[in-house]
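Naming follows writing order (A, B and C), and every chain is counted from residue 1.
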Amino acid sequence: MKEQLQERLRHHCTAEGLTLDRADPRQWFVDGPRERVRDFAAAMVTEGARYVVSMGYDEIARNGTLGLVHSFAFDREGLFLHFRTNAPAADPSFESITPDIPNAGWSEREYMDLLGLKFSGHPKPKRLVLADDWPEGIYPLRKEVPHDLVPPAAEDVAYQLEQGPPGTTTIPIGPYHPCLHEPEHFAVYVDGETIKGCDYRGFMTHRGIEKLCTTAVSYNEVPYIAERICGICGTVHATAYSQAVERAAGIRIPRRAEFIRTMMLEIERIHSHLLWLGVAGHLIGFDTVFMQAWRVREQIMWLCERLTGNRKTYGMVQIGGVRRDVTPEIREDILGVIGQVEKELLVIRKAIQNDSSIHRRTKGVGTLSHEEAVRWSLVGPVARARGVDIDVRRDHPYAAYDEVRFEVPVFTGCDAWSTLQVRMIETFEAIRIIRQVLEKMPGGPILFEFQDPIAPGLHAMSAVEAPRGESTHYIITGENNRAERWRVRAPTYPNLQAVPLMLLDEQFADFPIIVGSIDPCFSCTDRVGVVNARSGGYSVMTRFELEALGRRKGESV
Amino acid sequence: MWLTSKLRQILMVLRAGVVTLKYPFEPRPVPEGFRGAPVWDHHKCIGCGGCADHCPARSILIRDVCQELRVMLYDGSRCTYCGRCADVCPEKAIRMSEAYELACDRREDVTTRLELFMLTCQRCGRCYEMENKNAIDRLSLKGFRYDNLERRALVRTSTERLSPELLKKTDH
Amino acid sequence: MSTLTTSLNILAFLGLSPLFEAIIRKVSARVQARQGPPLVQPYLDLLKLLGRENIDSAGTWPFRLAPLIALASILTVVAVLPLAGRESAFTAQADTITLVYLLTLGGVSVLLGAFASRNPYALIGASREMITMILVEPVLAMVLLLGALKAGSLDLMSALYGAIRPGYGIAVVVMLAVYLLGLQAFVARQPFDIAEAEVEILGGPFIEYSGPNFALFKYYLMIKQMFYAYLPVAIFVPLPRSGFYGVDLLVQLALTGLVFILIGLLAATHPRFRIDQAIRYYAVLFVLAVLALGLSLSGF
């Protein structure tokens, strides 16, 4: 099966005259001219590849071009395929692959904003990442732009949201709304109580992490910054980053460190799924589920405090290994806590599994068919609830996942209830994995301290199964002991793009749970780009009007 | 179905009891190895600046005032409590304390400032060349740090590479 | 004497309704494994709101008047209520129709405020509130009619205390079931807090209200809630008739407290319904209530 695919891919590349780099058996790099982009992407989709992400990078200093990578995954065969191409900086235009692969829409828009690439044939070439008042013509990811640039603010610019279908009212959800835990803006077009469409304007929490970590800090500090991309799946990002660097530099880390990483990732999964269960309960107005799930989750947080020194943002992962070892005492502690969590989670599960009042709010809600899920390249529990059998831990094993046995739950309900069930089972599987890890963990050192400088210009991608789905980090190594380019794609990035489809023709009251069902993490999604994060003028009132109103109020007092 | 679920839920709740604490009155003790606010031991600190070089948040700044005086400033308002500084300190002069109730109105309350007397090099007499150079040029000298303690910012050269004309041209 | 009873009514409801609110909060806190706020919290909330700035975001008279009308209407309801079986000064002037009318007026003023505020969330909340009112008020009217039918009079004493005077029939039992099933809808608590739905529409009709105006609405909601919790006690539980008014009153209030614990438990163990699901539920209640009235008419 795998050999056949590899044979076909080799054939395809030779026939098309593309260079194929097969140095790493788990990820191949194809280099080709930019005219081939769309054909190649279409051919990969026909081959059954899942589109992962695109990345643009600045190579002006080296050869005067702007590069572009489209990444694809063959999950059954355990292979990532990266198509690299470039265009001269004077005319950085590529053919858009979005008409064939809808999920590439955001990636391409992102590089229109950040690198000034142009994509012909893009269905919606609007601003995505940058603030509305960011000046045209300054592309923050280009090397010439400093990371601490603060261009002058403008007051009179606002993002133009799309017009709703005729006969609908627009309900603004966000930037601040209790069902979104981070600032994002949905304009929901409703007809009575039925949602007829929605437009999205997000990326309000840019912190410029990618730019920062390729300019101001060096390799070893980045895991701690990567960890703060997301408040929930920090270890995932730190691990994915470290793995990408290790893979690029060819560092092999001690086996014990890999086991500890696996354990931390699974502890984090339990934490995240319990957190999600609580949030889902809250979103359908069932606060008891919220409180009880978080009560159980609290034990995990206390455990992590003893294990790593902090409740969250564990700071465990480092390039070359991990920071703290698992002592025999802490091992007993972990076993005790996960046993307790398992017991209490079973109680919760029994209490809500057959609750018809919960079924009523989650079954048949946020439906998206299996075919659409594949077409939109969804990942994680959202995909698995729609019958897409993918899981990075099994398909592209990393850390110690090749040595542990676990089930990948797949449901075909295609709704919010199925995602709940997938997450519930995954939590029990995570407990199972932790037990195996603690049992099989070998002795030895936990950190490989590398001394040699890492050669520049190496490419590598690593994927980690975050609680929300596949997180990928693509890295290009660079000079001065820091990466030249680092691209993070969190699982919410593809999943959120399909949310408008899930919302279509649903009840407005179900909006929170539908958006909640993908377990959105907006800060993960918004990680890149610019340094200053001023708020855009999305409100109906401009800032001037608001200030004037405030002043009037002040006078009247 | 409905009734059994409700009964189960009530049962679950009864078993759980009340778990929240009357927090400010009953604080929870922190475990061993907790990463709270870092504390410097000025007796042990040799002023090597390793912590400042490895701080991911760049919240440890160093300014060499003169040949003998190095000022080290830790700004807790940006600290992420990763504990990297304590890891890399060769003299174990930094300890992650147990303090976690750190919210305050004034930045100075979470700022630590060390003024360290540095020895002069026995061999060359100088480690940093203080004369004839401006602050930016001194940055390229090994070991020299000239961070802006007033604005709490690292001094970098990066902003100079983008032409002001380009910025002006794209002004709204 | 009856004037004194009237003031006692109003004082009891003004003074106790925040306490009962606190009971709900305590119960749900207990169900959620939390300590919960102290019992005086709702009083403090009201005081705090009363001390805040009144932001008149709509700037129109209906917007400013709505909370006053709401509170006034519910206080009028309380004033005419024959608490613990004793008529107040105005009980004779009012009858069941007046009571239902006054309760509806409260709901209408909420709508008034919501429509006046012109906030999209408030409008959604108002439309949900309207649907709820249309479907739930008739059920309430039928509950009150049961006693009126039994006693053959529309006056409040018979509407409130007449239903079980001839003893418990099937009709009364069915009506009690209807009332308990509809209890959460009457007090607008989960699963029927659809019109306010915090995570969807941020408090719906009340989103634009702040400060004293919001305090008035909050007070209105608390008193309304207490009224609806007191109603089943009055209708379906026989008066102790101990001979002492105070004892009767205390027994009834204690029972009202029990109803509040029930409300708290139900609210804490249910997710919110969607409006379409709620409509189906209300329809069933409506049919059951009609059935109970029919049974009552045929002498059961």
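Keep in mind that, in the parts below, a contact is a pair of C-beta atoms (placed from the backbone, for glycine too) under 8 Å apart; a residue touches a chain by one contact, two chains touch by 3 or more.
What you are looking at is a predicted structure, and each value in this text was computed from that prediction instead of being measured.
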item	value
Chain contact topology (line, ring, star, complete or other)	complete
Pair joined by more contacting C-beta pairs (A-B or A-C)	A-B
Farthest-lying chain, centroid of Cα atoms versus that of subunit B	C
Central subunit by CA centre of mass proxy	A
Rounded Å distance, subunit B centre to subunit C centre (Cα mean)	56
Chain centre separation (subunit A, subunit B; CA means) in Å	28
Mean-CA-position distance for subunit C and subunit A (Å)	47
Contacts with two or more other chains, residues of subunit C listed in rising order	31-34, 269
Residues of subunit A touching at least two other chains	288, 292, 295, 357
Numbers and ranges of subunit B residues touching at least 2 other chains	6, 9, 13, 16, 19
Sites on subunit B touched by subunit A in the complex	1-2, 4-6, 8-9, 11-13, 15-16, 19, 30-35, 54-56, 58, 80-84, 87, 96, 154, 156, 158-162, 166-167, 169-172
Residues of subunit B that touch subunit C when the two form their complex	6, 9-10, 13, 16-22
Subunit B-touching residues of subunit A, taken from the complex the two chains share	133, 135-138, 144-149, 151-152, 154, 156-157, 215-217, 220-222, 224-225, 227-228, 288, 292, 295, 298, 302, 305-306, 308-310, 313, 315, 323-324, 344, 347-348, 350-357
Subunit B-facing residues of subunit C, complex	30-35, 265, 269
In the complex, subunit C residues that touch subunit A	28, 31-34, 53, 55, 120-121, 124, 190-191, 193-194, 197-200, 202, 268-277
